[in-house]
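Before I ask anything, here is the structure I am working with.
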Amino acid sequence: MAGSSFGTIFRITTFGESHGKAIGVTVDGCPAGLPLSESLIQPYLDRRAPGQSKFSTPRKEGDAVEILSGVFEGKTTGTPIMMMVHNQNQQSKDYSEIASYYRPGHADYCFDQKYGFRDYRGGGRSSGRETIGRVAAGAIADLLLKSMGITVTAYAKSIGPIICETYDFSQIEQNPLRMPDANAFSKAEDYLVECMEKGDSAGGIIECIIRGVPAGIGDPVFEKLDANLAKAIFSIGAVKGFEIGDGFAVANMLGSENNDAFVIDPQNGSVTKSTNHAGGILGGISDGTPIIFRAAVKPTPSISRPQQTVNRDHEEITVSIKGRHDPIIVPRAVPVVEAMTCLTLIDAILLQKALTADL
Amino acid sequence: MAGSSFGTIFRITTFGESHGKAIGVTVDGCPAGLPLSESLIQPYLDRRAPGQSKFSTPRKEGDAVEILSGVFEGKTTGTPIMMMVHNQNQQSKDYSEIASYYRPGHADYCFDQKYGFRDYRGGGRSSGRETIGRVAAGAIADLLLKSMGITVTAYAKSIGPIICETYDFSQIEQNPLRMPDANAFSKAEDYLVECMEKGDSAGGIIECIIRGVPAGIGDPVFEKLDANLAKAIFSIGAVKGFEIGDGFAVANMLGSENNDAFVIDPQNGSVTKSTNHAGGILGGISDGTPIIFRAAVKPTPSISRPQQTVNRDHEEITVSIKGRHDPIIVPRAVPVVEAMTCLTLIDAILLQKALTADL
Amino acid sequence: MAGSSFGTIFRITTFGESHGKAIGVTVDGCPAGLPLSESLIQPYLDRRAPGQSKFSTPRKEGDAVEILSGVFEGKTTGTPIMMMVHNQNQQSKDYSEIASYYRPGHADYCFDQKYGFRDYRGGGRSSGRETIGRVAAGAIADLLLKSMGITVTAYAKSIGPIICETYDFSQIEQNPLRMPDANAFSKAEDYLVECMEKGDSAGGIIECIIRGVPAGIGDPVFEKLDANLAKAIFSIGAVKGFEIGDGFAVANMLGSENNDAFVIDPQNGSVTKSTNHAGGILGGISDGTPIIFRAAVKPTPSISRPQQTVNRDHEEITVSIKGRHDPIIVPRAVPVVEAMTCLTLIDAILLQKALTADL
Amino acid sequence: MAGSSFGTIFRITTFGESHGKAIGVTVDGCPAGLPLSESLIQPYLDRRAPGQSKFSTPRKEGDAVEILSGVFEGKTTGTPIMMMVHNQNQQSKDYSEIASYYRPGHADYCFDQKYGFRDYRGGGRSSGRETIGRVAAGAIADLLLKSMGITVTAYAKSIGPIICETYDFSQIEQNPLRMPDANAFSKAEDYLVECMEKGDSAGGIIECIIRGVPAGIGDPVFEKLDANLAKAIFSIGAVKGFEIGDGFAVANMLGSENNDAFVIDPQNGSVTKSTNHAGGILGGISDGTPIIFRAAVKPTPSISRPQQTVNRDHEEITVSIKGRHDPIIVPRAVPVVEAMTCLTLIDAILLQKALTADL
């Protein structure tokens, strides 16, 4: 089904499998006149690339992005922008074993049931490499948002049982786990080494803060801004939970605790809120305060510890997933969370522009 | 913006405000030949109606649904089905006070920022009454799903701090809080009475179980089945969190704990899983086991306890929301969660049919 | 299939059958703040109503439109506007004969093949009455366009063999055939009386002129403005041809004849064209000159002259369609052409606003 | 605006400019299991390629298609299929002159008004080369349709004043103008040589016949099959008119002439029609008989004869378009008409499958 597109006005369509010829995206609906070049996109891809630390698969992929359309004389033209990365390890490996059974925690079985067969090489379309297209498109959205004074920042709030206690955003890119707390990073590092020694993997929580969104973005019914963020973030593999503002904690709060009082900002006389339990969105529409949400990311399903499963002949077998796999998805998912957030926001903002008629 | 539609093949479009002339929905894309009448829809609406207990606003609205198109000789014709409920208390009240300020926890301020003004009567378009259209449309989806052997059951898993400990589904409709644990209901009742006496309100968690969905429904990228469920559930006002399977708990699990082993069902020789940490969906596609998710619902924002806010003249004021309001949204949201779940499922299932070509 | 919606930003969804309870439309995506009331919509519906002359079915339906949502204190609120007309002759007639066979030139057979059965009363969903919803929605679009200085004018260019030779637009609403040439009307009247006496019907051509659309509306690939107009006009029953500018005549023109020279308007120094063979659109995008198109409308298929057909038992029979039917669809289709044109334009214009970012 | 996608279930998104790095398409929603390879697609592209005769630009582009995703072990996987052609003449020329003025009959001026500037090299996004993506995608649709017994055949019905008088479909690919009448081709050849000698160009009419579509495809309201065909064909540059069945001729027919009698096919006892004035579609839904439509194609706007126009400084100038240009668009547009027809049909057929529930 035509499920590889995201967005209505600023619409992206990704393509590509882990071990196909190329992975990429077409961005349709980008306003004309935005300065754009490969050198502006590449840093975003480098952040999600593998091989950045011992917690990331060592294969160096050198994913160099190429812009093949939609940019002329250094600016977007308003026509589709196609960006692509060639895969470099297409036939490097024998996949006959992995083709024969269903990996626990992966979509192998579901693909066979849905499509009748599957591209079993490296996860095929379900590979994390599919997010290359999202991150490239998200980079453009981020550049547009920045020009409007909007910033999107995600980071690892927790890795396994280790939770950040301080939030120094300058730390995020200083450690390979993207934790804003250097102390927590240190503990998380030890925890992950232990996981790896056991042939196991860990999960975590990503938090994202969006600043600068004006009040009035989003829609009151199905296209609520938080509903679209929920879908965007849940479209990232391995995400199992999404919450905004106080999130699941609201279930045990009183109304008087959860409501945020509106107040007048003494600085500029504008309406704001004294607290932000709501996470910056009320009734599906941004209220002008920072938008804050969290996503729960499951442990990497590919582990070397022996596991029970079945093969395509419907025999129960024990398997151990070979190869080096990231023991944790969280740090590499951080730029993907940012990308999907940027894509959701720019679409909502452009849609809102359509409706601001002078009547 | 055109944000009042949901679904691609089975598409619904709701209309109506709390105190406008009518509330309703148009269902476009329902297959022809389904037996349908008002008497099949009305029980679904009655479950979400107010006035069912002391925890629900006492106004009796008598929301009688009328089918105005798309049904002929007792069956759907394949053309749009419009269903409507007339509002009966349109001009019963003076809303001048509520028009003058922004209620904490509500979208009043956001509406003014987005649209320039708002229909302030009873929440206007953001009222819970908008869900009447969703529940009527969801009833049709539920009838279609039932004919395919699929059942959707939601209930209150927790009310404030009171969490169900036993799960007897026959209890759900036996108590006004829709808890499957009679003992927990009893405690929750006491808790809510206490909240009401303080002029306060409570939140809770809704859980939903879907049985009978075959493996292969959903899409591996943006249109993941869980991503669409997340959006659907987050489009319900007051929802602040969504999780599937083990949800946020995955953040602190090992891969070896979180992965579900595939096994052969001894009964019928088919592939199934020995556990269901995943919640019935892997890589965005149903795996044939029950789908389980939870939603966090915030406390009713309308409380009589005094609160700080600002008025339209940007003066800080103290307000006490007048009138009787439900101290808890959860039980009335249960049928809305079911409706949105049914709408998401039927759309995914019909889309999948389009792609099962014989090649 | 969900085929009852039109438009992306300004999206309408119609519902209702000829002899169901009601016919109507939901308009989603109308900007907030437009003054609106039933009295502004009703004149548009009155123009397409039956019983206006001897060339129109004499049944007086008194289609009084009711706005049931989306308007507050006399202005649109930005939320869905539902407008409806109750049908008044639901069970007035015995339809058992018409239910038994397939009327030539109608979709009866196609409906049975598509849906398995059909609402045979008065054409069901395929009735011209479905356009009531379009005209009501088109009225809102027209009011928005007028506020932008854009006017849409359609008229009968020919009725059967009678072609207008002069174009006095003040004549259009002066005669029941909506011809801008009083002399041609007089001849067309005679021609139609003759048709009626033979129990036969006639076709014609509708022309539409749009003034005031700025250059730059429409998209260069699939969403060309003329492509969307073609779809909009072809979605009107009985339309069998659509052409823009010189239309089919271009097939026998030289490039040097067909190209329009760009020139400088001596009045205001802006770029314009010395001729308008293109019909105001180049490469799918408006060029700032008037947009001109034509639609061919087939003769009313319901005629009293005996015709050959088959019944549901697959027997060949001879039928004579009973009842009074319009001998010509053209004049009542004129306001529908205008409505679909307005809906296409407003959507393209609002989409364009979304993309005019200040970069 | 996101206008580079076509279709709902079987959705294509094209990208690329005439002189950018590459031109291509992503096909999303193709059912899994269809045998596919470059060698199956290339013949379709070769039919639209330039340099096939003296009536086509002599530059040999050697447009070799590459499939970069969505195919595994020789079959489609159900995931997006990206196909691409590298442009080979990106920087071969000085475009400074053409950048300075607005070519008559082209969208140059409209692009500048819409986007603020334009990629002026070879027409940029408005170039006929954009159709490479459509033809590659249409090839897949054609393969799917063929597997269902549906064939789509287009040809030149007229070139300038020369109209085919006989229809021998085996002739179509025997002459470079794709005329099914060898005698007409001979006259058309002379006519075009004359046009070229005058530095002028010619138009024509393309006719398309679709056989094998079952009754019941299409929708009765906005998504009429003929309305979608009209949009599809009008989305091809240079098309100025579209008609189905008797088309514009219906305007001067009587109902008794235009209606087709339903009859029983003596061969197989099924319902069919004795004539086909309707062109195979009634009320927007296929009736099981051949679908026949025509499109009017304007003369190539690029001509060497001197023309009046204005430059970007708004000065009136005289220009002569340099370079070799096809004197006629028709023969190369024939495969594009087929492609857009196939894309429209496959989408409608897959949508119909979604709604054929067993109730």
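For reference, chains read A, B, C and D in written order, and residue numbers begin at 1 within each chain.
Just so it is clear, a residue touches a chain if its C-beta (ideal position, glycine included) is under 8 Å from a C-beta of that chain, and two chains touch if they have at least 3 such contacts.
These numbers were taken from a predicted model, which means no experiment stands behind them.
Shared contact partners of subunit B and subunit D, listed by label: A, C.
A count of contacting C-beta pairs for B-C and for A-C identifies B-C as the more extensively joined pair. Averaging C-alpha coordinates per chain places the centre of subunit B 39 Å away from that of subunit C.
A straight line joining the Cα centres of subunit A and subunit B is 26 Å long. Our note on geometry: subunit A versus subunit C, Cα centroid distance of 46 Å, whole angstroms.
Counting partners per residue, subunit B has 1, 3-5, 8-9, 14, 29, 32-33, 78-79, 114-115, 125, 220, 351, 354-355 as the residues that reach two or more other chains.
Residues of subunit D touching subunit C in their complex: 1, 3-6, 14, 102, 104-107, 109-111, 113-115, 125-126, 130, 158, 160-161, 195, 198, 200-205, 214-224, 226-228, 230-235, 237, 240-264, 269, 271, 274, 278-279, 282-288, 296-303, 305, 307-310, 314-316, 351-352, 354-355.
Residues 1-5, 7-11, 13-17, 20-24, 26, 28-29, 32-33, 66-70, 72-73, 75, 77-82, 84, 114-119, 121, 124-125 of subunit A are the ones touching subunit D in the complex. Chain contact summary for the complex, subunit C toward subunit A: residues 8-9, 29, 31-34, 78-79, 144, 147, 220, 350-351, 353-357, 359.
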